[in-house]
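Each of the two complexes below includes chain A, the first together with chain B, the second together with chain C.
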Partner chain A sequence: MTFVYRTLKYGFIAFWSMFVVAPFLWALSTSFKDFNSVTGGATYIPWVDFEPSLEGWKVLVRSPAQGGINIIEPYFNSIFVTCMASLISIILGTLAAYALSRFTFKAGFIKNNDITFFFISQRIMPPVVLSIPFFIMLGFLGLLDSMVGLILVYIVLLMPIAVWIMVDFFNKVPREIDETALIDGCNPYQAFFKVVLPNSIPGLIVAGLFCMIFGWTDFFFAFILTFTEVQLLPVAIVALNSSITPWWSLSASALVSVAPLIIVAFLVERYLSKGNLSGALK
Partner chain B sequence: MNFKHKYIFLLPGLLVLIGILIFPILFTVRLSLSSWDSFYPGLDFIGLENYVRLFTDDARFWESFFRLSFLSVTTVFLQYVIGFALAHMVWKDIAFQRFFRVLFLIPMMSTPVIMTVIWRTFFHESLGPLNDFFSLFDMTPLWLSNEYLALVTVITVEVWQWTPFMFLLMLAGLLSLPKEPFLAAAIDGAGPIRKFVYVTFPLMAPISIGAIIIRLIEASKIMDTIYVLTSGGPGTSTETSSFYIFIKGLREFQMGYSAALSFTYLIIMIISLTVIANVLVKLFIKKA
Partner chain C sequence: MDLIAQNLSYKPEQEFHLNDVSFSMKKGQLYTILGRTLAGKTTLLKTIAGLLTPQQGTLTLDGQDFATVPVWQRNIAMVYQQFINYPHLSVFENVAFPLRQRKMDNTIINTKVMSALQNVGLMGFEDRKIQALSGGQQQRVALARSLAKEAGILLLDEPLVNLDYKLREQLREEFRNIFSSQVSSDSILIYSSTDPVEAMQLGGDIIVMDEARVLQQGTAKEVFENPATIRVAQIANDPAMNMMQGDIAEGKIRVNDSISLAVPPHFSSLSSGRYTFGVRAADVSVAAKGIPFNVELAEISGSETYLHVQNGGQTLIGLLDMVKDFAAGDKVNIGLDAAKLYAFDESGRLAASPFGGGK
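The block that comes next holds the complex of A and B.
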């Protein structure tokens, strides 16, 4: 019985691990191919199955004028937009979450839970529903195809996540902490910034990581709301997916885009092991 | 004292969110009452005409909606079962625990649209590795151009991409469970299966429901994957509501009509998610 269970368990883990890495390995192999090795059918191992070429990787650092694809600028655009939007969402979201966790609000039938739900429910809206009015609104404000416009839109995407995680987190930070601080003569802001916030770093980190994941992986808004001035990484990479698809540079750029988030995966796991994430997620 | 201060904490976030969203929402409602399209771009007023058309004369929208329901329920169910199983497996007593935990998280960190481009080459019917494998058995399944297999492909990619999210939430839940019920079960001599059915699962039920609802919300927005993988094709066989709204609004520029679609879609989603949440709570919390 135990033997059967163990075999099944390790069998499934092995199967799933292969499934998880399959597209990455395929991309890694493809990134070293050239036109002939791609169109000749599926091949896997360099030197054995095909003659490796560095074309796919070289294209990434060459300037567009020399037939390269500019991926460096979109890369930094993506980092900047994601970080700014995450930061603003975390700051505003944390303040709101603190209020929702500590104070009682009542306006007619609207109570704390309803306000929290209002924040979180913004995630129900599909990007396509918001994209048309956002397009018109940003056009009106002159923010189309600009970083500021994208950051505004991403705040709507990310603040619900920050509020969702932080409300749960603050609910688990004992109220006595703030009360003691208030008795000791702090005003509510000092209590929050000097006492509660330092005790909430794990929650802030988890909320930040989640915001960064969801900001970094968005495609649709960047696709609709920017054209040439500001290009984000996913849009730049998908743009390669045109009539004659250069599989090699596509694969190389996909791997480059995943790389920074692998570090995030390690960080998430670290906070998970310490048991902090379980406090932040419910 | 907690009278004035509480608004200073709450309002910045709330006002920014409302400030950014108020125009899009009001505009969508207004737009849905107009006939704005590429010939007559403008906010005229045609009453509920768009809604009448939507409810009486648009089978394609309802098909796309049922397809979306099927896709989200199937993918979320698979993600839940696999994610929970994986989380349970790496919960304790396993070699290379950290390695597997990180590995299982990685797909979620990769940009869906970019990975879908890679998956498209993976499923490529003549040049991809998958059909290279199937050609050993003299088969060439048409992963992207057969109407049923295309759905299988979409589900596979979605499960690959988002099972990690479920895995993360379930593992976080498992790690936060109290130890006493397990000790009690061990003293009563419960085997691993009984332990799971009577202790682990009931304790995990609230977390499970939360995770399923969150995933259903996210899954219903499925768009990037379909856009890159099949563009809704072959025909309309992988077209979901979001994609149909996208085609009507941003391809055919029937802005007014697509706004009506959007608004109807939102209302249906809010109602059905509320119903699903309540049903799940009734079903599982009662059992517990």
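The block that comes next holds the complex of A and C.
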């Protein structure tokens, strides 16, 4: 019984791992191929199946004049915009979430839950609906085709996620902890920063991760709101499309663009897998 | 120089959580707020702590207005019924937290924390994480934190209710020792409880609360001997005092056709009329010459038996000092000692008590 169970369990895990890992391996393998290796049927292992080539990777750093797309600048632009937008979203979102979780707001029929929903409702609209207003607003402010403009737009998109996750998290932190901090001589700000925040690190990490994923993978707004001055990675990669689809450099760019999220996920995995996400406070 | 509350009212929505609450508390004393769940005990403690602001009434400490002092400037400590500590800090830092908040010297903090941990029996645990402690230990940390502060007012909100029976007994004993030895004569100790036995054991004054009101304030002895109203008699006894509607007429107490007793001497001042008679479960006994009752239920609890009996719609609970098998439907003769009876008038106030209280 246990043998059958274990075989099934590990069988399933192996199958699922393959499901998850195989596309990456395939992309990795493809990124080292050239035109002939891609079109000549399925091949898997370099040197055995096909002769590896660095052409796919070189395209990413070559200047456009030499037929490349040079993703280095867009890459750092993307990192900067995503990090700034996530950071500001987390800071503002956490403060808003704490207020929504702990204080009672009332304006007519509008109460805390309605306000929380208004934050989320930003995400219900299809992005297309927002594109023209954003374009006009940024144009008015002179922030089209700039990092600041992109960061502002991303904050609008990311902060609701942070608010939503953190409201839920703070609602699970007993109010008595804040009250004890007040009783022990903290003013409300100290209670938040000295007691509530240090106990909310798992929530902050989850919210931060979500913000980074959504910010990093956005193509639509980066495409609409920038032209030549500022380019983000997803937009830069699209320039690869030409009459012959360059699978090798597409694969290389896909790997490069996934890398930061994988690195971040590995860094914070420790906090996520420790099981102290919800169990930190009881 | 006391903590005095006058006509405190707190009504967040439709219902009163505090309704015209007044009391006065002296320094160096223990007060137990006794009341059932939702009586307003926690609301009262939170109001004293400053976590809630009453809509009406005044609260003064040493003659100074206390209601407008922000929580963090009040010299108070509070232990909750949930085990509330700071999960991100070690045991030592948990206890040291309020002292660090006061910017005390490190060596003083060290001494105070260590002595507080010693008082609650947690020496050697100072580097542990809170999550690594059992419920009882977590509650001791919370107690140590409130003791180390040497607060002017120490609030304990049903601190033992979430612990198992054994631990509760043991901690209650320790609490009593700590209260008498560690808490200075400058402090007011306020303890809330749903358990009348606990309230009596802790000694001190008892404030009986029900439905957001204070029903009676007095020493444990006073509340036990002369409960002011029917409600107090029910709340301050476990099991609740038995109540029987009846009349006094022609030298007889008459509850129904078969329950009838001679008027005892301590009822002599009562005029004829309608009363509610109270008798403690412990004063209900099985007696050969008693009044016939039908057994409804017999619960064995340790070495005692709770006997639920019924006669003509009148139910009584008797606490018998033995383990005895009764089956539902059994006939049993119940002895009611008229000398142990309480009488409450039609408005529910104490009219006569075996201990001489009443009108």
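Some notes on this structure:
Operating definition for what follows: the second predicted complex is superposed on the first by the 239 of 282 C-alpha atoms of A that agree within 3 Å, B and C clash if a C-alpha of one lies under 4 Å from a C-alpha of the other, contacts with A are read in each partner's own complex, and residues count from 1 in each chain.
To be clear about the criterion, a contact is a pair of C-beta atoms (placed from the backbone, for glycine too) under 8 Å apart; a residue touches a chain by one contact, two chains touch by 3 or more.
Predicted model, so just to flag it, every value in this text is computed and none were measured.
Of the two partners chain B and chain C, more residues of chain A are touched by B.
In the superposition on chain A, contact of A:148 is made with neither chain B nor chain C. In the superposition on chain A, no contact is made by A:79 with either chain B or chain C. In the superposed pair of complexes, A:220 makes contact with chain B only, with no contact to chain C. Of the two partner chains, chain C is the only one that A:177 touches; chain B does not reach it.
Common to the chain B and chain C contact sets on chain A are residues 279-282. Contact residues of chain C toward chain A in the complex are 46, 49-51, 70-72, 74, 76-78, 80, 82, 84-88, 97-98, 101-102, 131, 145, 149. Residues 5, 9, 12-13, 16-17, 19-23, 26-27, 30, 38-39, 41-42, 44, 92-93, 95-96, 98-100, 102-103, 105, 115, 119, 121-134, 136-137, 152-153, 155-156, 159, 163, 188-189, 192, 213, 216-217, 219-220, 224, 233-234, 237-238, 240-241, 245, 247, 250-251, 253-254, 257-258, 261-262, 264-266, 268-269, 272-273, 275, 277-282 of chain A touch chain B in their complex. Taken in their complex, chain A has these residues touching chain C: 174, 176-177, 179-187, 190, 195, 198-199, 279-282. The touching residues of chain B, counted against chain A in their complex, run 1-2, 5-7, 9-10, 12-14, 16-17, 20-21, 23-25, 27-28, 31, 82, 85-86, 89-90, 94, 98, 100-115, 117-122, 126-129, 131-132, 160, 168-169, 171-173, 175-176, 192, 206-207, 210, 217-218, 220-221, 223-224, 228, 241-243, 245-246, 249-250, 255, 258-259, 262, 265-266, 269-270, 273.
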